[in-house]
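Step one of this worksheet: look at the structure below.
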Amino acid sequence: QDKSIIYVTPNPIGNNPFLVLGQEGAEAAGEARGAEVITYESDAPQAMLENLYAAASVGADIVVAMSFSAVDGVMEVAPTAPDTQFLLVDACTDQERPDNVHCAVFREHESSFLMGAIAAMTTETGTVGVIGPIDIPFMHRFTDGFAAGVAHVDPEVTVETRWVGGQNPFSDPVRAKEQALALDAAGADVIYAAAAGGSFGVYEAAAESGFVTMGVDTNLCGVAPGTMYDVALKRVDQAVLQSIEAIEAGEAATFASYGLAEGGMSAMAVEGGDALAESGCLIADDAEVAAEIRSLAEQIVAGEVVVDDPMMAN
Amino acid sequence: MNASLRVLLVPLALVAAGLLALLAFDATRAAVAAFLDGAFGGRNNFNLYSTLGRFSILLGLAMSVLVSFRAGLLNIGAEGQLVLGGLTAALVGVYLPAPPLVVALAALLAAMAVGAGWAVLAGLIERGANVPLLIGSLLLNYPASYIASYAVSHPFRDVNSGATQSFRIMGEASLPRFTGTILDYGILLIGGTALLVILLERTSVFGYRVRMQGYSYPFARASGYPTHKLYYRTLMISGAIAGMTGFVAVFGMNQRYIDGMLTAPLYAWTGIAAVLMAAIIPWATPLTAFFFAALATGAIGMERSVGIPREVGQIIQAVIVLYLSGVAGKMLSNLGGKGR
Amino acid sequence: MFFDAALIESIPRLFTPVLLAAIGSALCDRANVFNIALEGMMLIGAFAAVVGTFYTGNALAGLGLAIVSGALSGLVFAYFGVTRGGDHIIVSIGFNVLAIGLTAFLLGRIFGVSGQFDDPAIVQLPRIHLGPVADIPLIGPFVSGQSILVWLAIFLVVAVTWLLKNHKYGLRLRAAGQNAAAMRTVGVSPERVKTAAVIACGVLCAMGGAQLSISNVTLFTEGMSAGRGWIALVIMMMCSARLPWILPTAILFGLVDAFGFRMQGLGLPQQLTESMPYVLAIVVLMLVFRKRTARYAR
Amino acid sequence: MTVPDTETSPPAVCRLNGVSKAFGPTKALQDVSIEVREGEFLALIGENGAGKSTAMSILFGLLEPDEGGVEIMGRPRKMRSARDAIAAGLGMVHQHFMLYPDLTVLENIIVGQEDTGRSGRIALGEHRAAAQRILQEFDFSIDLDRKVADLPVDARQQVEIVKLLYRGASVVILDEPTAVLTPQESIALYKMLARLQAQGTSIVLITHKLDEVMDNADRILVLRRGRLVAERDAQATDKTELAELMVGSNIEIIAKRDATRPDVALSIRDLTVRRRQGKAALAEVSFDVRKGEIFGIAGVSGNGQKELVNALVGLEDAEGAVQLAGRDVLGLDVAARRALGLGYMAEDRMAMGLAQPATIAENLISGREGTTDFSSRGFLDKRRIRDFSRDLIARFDIRTPSERHRAAKLSGGNQQKVVVARELSARPAVLVIENPCWGVDVGAITFIHKQILELAEMGCAIVLVSSDLEELFALSDRVGVLCDGELTAIFERGELDAIAVGAAMSGQRKDTAA
């Protein structure tokens, strides 16, 4: 094999669905064109930079670099390695990009908006919650998008936002679970778990305390059987695959934003059909809400409902 | 007793060693090659420069720790001093409207001052309230990282990026790099400081007194040294070097403060390990710091190319420290550092 | 709604890991072993508990493996710190780094994952439900539905206190800590006593780790002890290793931790609420040690 | 030469048989055989480091011999730990207290010997009764429930003895038991030992005090540099012979000349050191020391000596007045007092007198490192330091390969010589000396005493604190006694007498005691 794709993550992959999906996308792309796919995991900002340099130095054809942690590094390394194409996933830079730097970003707020809508329709207590890893602008796409969806359906419903924090906010299920239990105690009966690696703790809390959750990234209803209503799907694998196709086609400095319209963001309710029926999500048994969500999604795609990007609002 | 414990531990150690060896058996040579390449090779010797880059940070911290330990002060708060120094440097680098050189100098001085201040705080807590320096300095690490984390997630965050990080510092103020490499001039600053520490420790009256005080505090008092001043000055120097290292990390490699960039790689603990491995001997410390830097980058390289987990590097480091606990311990208890 | 059932319920599970480690730390302190490797010992215990539970499907077996791992941790510490006479601070530093590296390494080797491992096969430690007691306001959630380790920890406070005062080995432990040479002159090996103390400490810390990984949650994440070992050490020092004081102090820290989560609801920045236990530790230490002649300040 | 005459002497209860022991290069014992006979009082004497403690530690199972072994009642017996020795009927009071300060007296007694029920709970009641019986039998009045830390020294010594009686020893070994006792307390101890001996117990005594040997022992063994060099019957020898046997040559007798001059060099008025709670540790002490005078301070340790020294030197805050070179120095720090000509030889060589890991040269300049003698512009002058150190090493006969040797590696006597050399070479006007000969052997003692006397003759005023009355009597022009923080008596040289001073030390007024 003379072609190689190197997949660089900001954290150990673990069971972080976002990173798992990215890896699947890279592997699918590799399979499609007979390229070898290697993964470099980083555990610190410095390691990310070193991994990017290392990827360039072994002469990778395409480097898939995940998340905003990669932006600085890619902007630094790319000019030194013109023969390597860099795909930034989930983040981009506002500076002038060299031709070999490409971006694939998502509009997470759109599907989070749908989750908010579901939460507002299904809550009985009138209080719903959302848990993010750490209070940073990017994460507000999940939390604020969710809150906007709730408000769109029923402004009377209270939204409580909590952050995992701690030494290891992106993978700390212990703290995430405590936050979920605290939200439960505060009366939230639907909790949107956007806590990255920590979300698992939220599902555990749900199983113990009996509230309903919603997840992000992939269909996790099987992981949290009987407690998960729906999932804000983030098709990272599709985005990676598509972007690599575009890069292979020879386009320079591609930029793609994936939302509901592009099929890059979605929800099980929106998927419908067999996928929904077999998903194991609670919404599969709630045709009414599912229908409403599908129509809300159509309105967003059509531009009739506008979901503001909280990051731009900052 | 000694014998019975040894009987238990020898097979244990053998099993552990065997496991490690087995894991590497099929590819021992490949692993060693990958390790060496990871530490020193790469395109244009990239990995060597990344080892050197890590070395400069480790050396800075090791020197900071060394200054304290030599004086018999168990200051293990280098992490907090580093983090706050780095944060301060970043803030000056981003917000000070001044010519680049002024910005860089101001950032350096501010970082050193803040690092020194944080170290002295632990000292004040010890001398004012009898809280052992070991514990006080350790506990202060936590608020320090939370302060830094708060600063770059709220008031000073880079609102354009998703990450918890400060804005980029003024580009022209950043530390220049050696041409064609990713290594910045920070290594000269820290290397020079290390040299100064090593020389002054041997030749100056101050260094002499600090050393004697470290050997025996009662001796220092009976000899009439200004023990009070020596105590605080040593802490100040130690903290200032850690703060300077934070400045180098921010103005060199990353050019901004990113949450966790100075804590995740366990720089501070590795710095302490380097000092202990050098048995607190100043001139030997750069060597051990370099060794640990190469161990870390080499292990990462090994993981990239032959899939042996990088944690092996950490495990080796830990085992070395454990085995040296006797030798280095004698030095440390000579320094009166027996914890109590 | 600040003092609700969930807050009260969370306190025991937050203080138990710290309490168990603090008891272990007290034993080491009495035996004059300055063990600051509690953090690493907890981490290893947390990991072993997950391994044991995953392969047997039984949380008690997981706890058992944690206890074994804790004893081994203690043995390793004792080998370097007691048998070979290494400096306890250095041994601790080495051990803590070893624990971080080893758990991460084994996580990859055993489960093929990095960062975190969870699986439905990892079940929770049994909990003790007290029937109608659970409905008593305030007290109910505090005492009912807690894991067996919560009760074990509280029982151990009493048991170890009794042991130290009345039991042969308790007396020897205290004696070994005060004057090891003197023990040798009456034909008792102080090394053996110290080794026993460190092993007991390893076991207690590992049980604390198990409470984290197979009771508070049912998974392992790298670095999941997250500074609790240091808090345990500080609690022990504040109380001069006196167990009857350690229990309430540990509860206080559990309370502060639980409050921290709630404070976010009041809009305080998360980083501020999280540094509270550490700031509290410093302040309390200063108050407690102010009048004391510097016992630990050599 | 030490082969016992089996026909005439009583049988040996235990015996060291051809024992050798080395610590690294030090040969602590070489082919030593010692037997202890039933019911005898055996004294073991020798210089510092002669191997006395090592020999007894081997007998007691605390050290393993390199060669040779132990016999009990004529049978070889492997001693794996003190447990075996105790089981064989041996009991030992060690050179340093082997007590647990924070445990009660009763707990101290029973550690290692605990009787327990099935639960492992210690049967305290039975232990208490047994201990009480021993206390009554020997007229000891110790409260079994007090912490040892709160006991005075002589009571601690009694605890050690009760510990060994509790284990039912038939051979009692005492390693320098009277070093910390006043003369009166020593007398009481020997009375008790006589009683034990009368009951058939064998006694082995290690001591440096030849008077005590002559008064109490039946048989005397002399160790020198790890070899047994002589055996004497107490009736057939005298102190001079024993001293010569110990050292291996005639000892020089130093003659004390009065060098006192009229002018006062150090004047102390109402010097008081307060403790945080309770009464003053040093209460209104006043005295003057003239040029050339040696003012001795006697007292049971812990009666204010430490506070007096610290207050004089500047290590502790005090009230009152200390006049040095015509200035009140109480407000000044150590460095300032040193600059005014105050010198200090600390007793605690391990931590205070020396920086053990530092080189001899580094130790020799300490206190004057900042002066132009050894540095300029903040940098050390290596050459001057080297020359200075070599000169002192030669003048004070410090046995070392070079000035760059670590102090920790020197023998005790040579370490002390480093301290002496440093303080004397500073030519102090006033010198405070604490126990200059602790743990130092006879040869070095003579040397150090000579140096001190020479310094006095040159006009230096000296305050000499010592727990060794012989030393105080030999060197002092006057001796003050500290008791409970007060200066209760001052003896002129002519009035010096162990019994009288001892009485003052234990709290009796001078007039009534004398």
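Here the chain labels run A, B, C and D in written order, and each chain numbers its own residues starting at 1.
The rule is short, and it goes like this: contacts are C-beta pairs under 8 Å (C-beta built on N, C-alpha and C of every residue); 3 or more make two chains touch, one makes a residue touch a chain.
Chain by chain, the UniProt names read as follows: B = Putative ABC transporter permease; C = Putative sugar ABC transporter permease protein; D = Putative sugar ABC transporter, ATP-binding protein.
Since the structure is predicted, the reported quantities are computational estimates derived from the model, not experimental observations.
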| item | value |
| --- | --- |
| Reference chain C; chain at largest CA-centroid distance | D |
| Inter-chain centre distance, chain A versus chain B - centres from mean C-alpha coordinates, in Å | 35 |
| Computed distance of Cα centres, chain D from chain A, in Å | 76 |
| Centroid distance [mean C-alpha coordinates] between chain D and chain C, Å | 45 |
| Inter-centroid spacing, chain C versus chain B (mean Cα positions, whole Å) | 28 |
| Residue numbers of chain C (touch at least two other chains) | 189, 227, 269, 271, 274 |
| Residues of chain B touching at least two other chains | 153-154 |
| In chain D, residues with contacts to at least two other chains | none |
| Full enumeration of touching chain pairs | A-B, A-C, B-C, B-D, C-D |
| Complex interface listing, chain A residues touching chain C | 11-16, 41, 134-135, 160, 162-163, 165-168, 171-175, 177-179, 181-182, 184-187, 197, 200-201, 204 |
| Chain C - residues contacting chain B, complex | 34, 36, 72, 75-76, 78-81, 83-91, 93-98, 100-102, 104-105, 108-109, 189, 191-192, 195, 227, 230, 233-234, 237, 269, 271-272, 274-275, 278-279, 281-282, 285-287, 289-290, 292-298 |
| For the chain B and chain D complex, residues of the former touching the latter | 203-206, 208-209, 211-212, 215-216, 218-226, 331, 334 |
| Residues of chain D defined as touching chain B within the complex | 313-315, 333-338, 344, 346, 348, 351-358, 362, 366-367, 369-370, 375, 378-380, 382 |
| Complex contacts: residues of chain C adjacent to chain D | 166-169, 171-172, 174-175, 178-179, 181-189 |
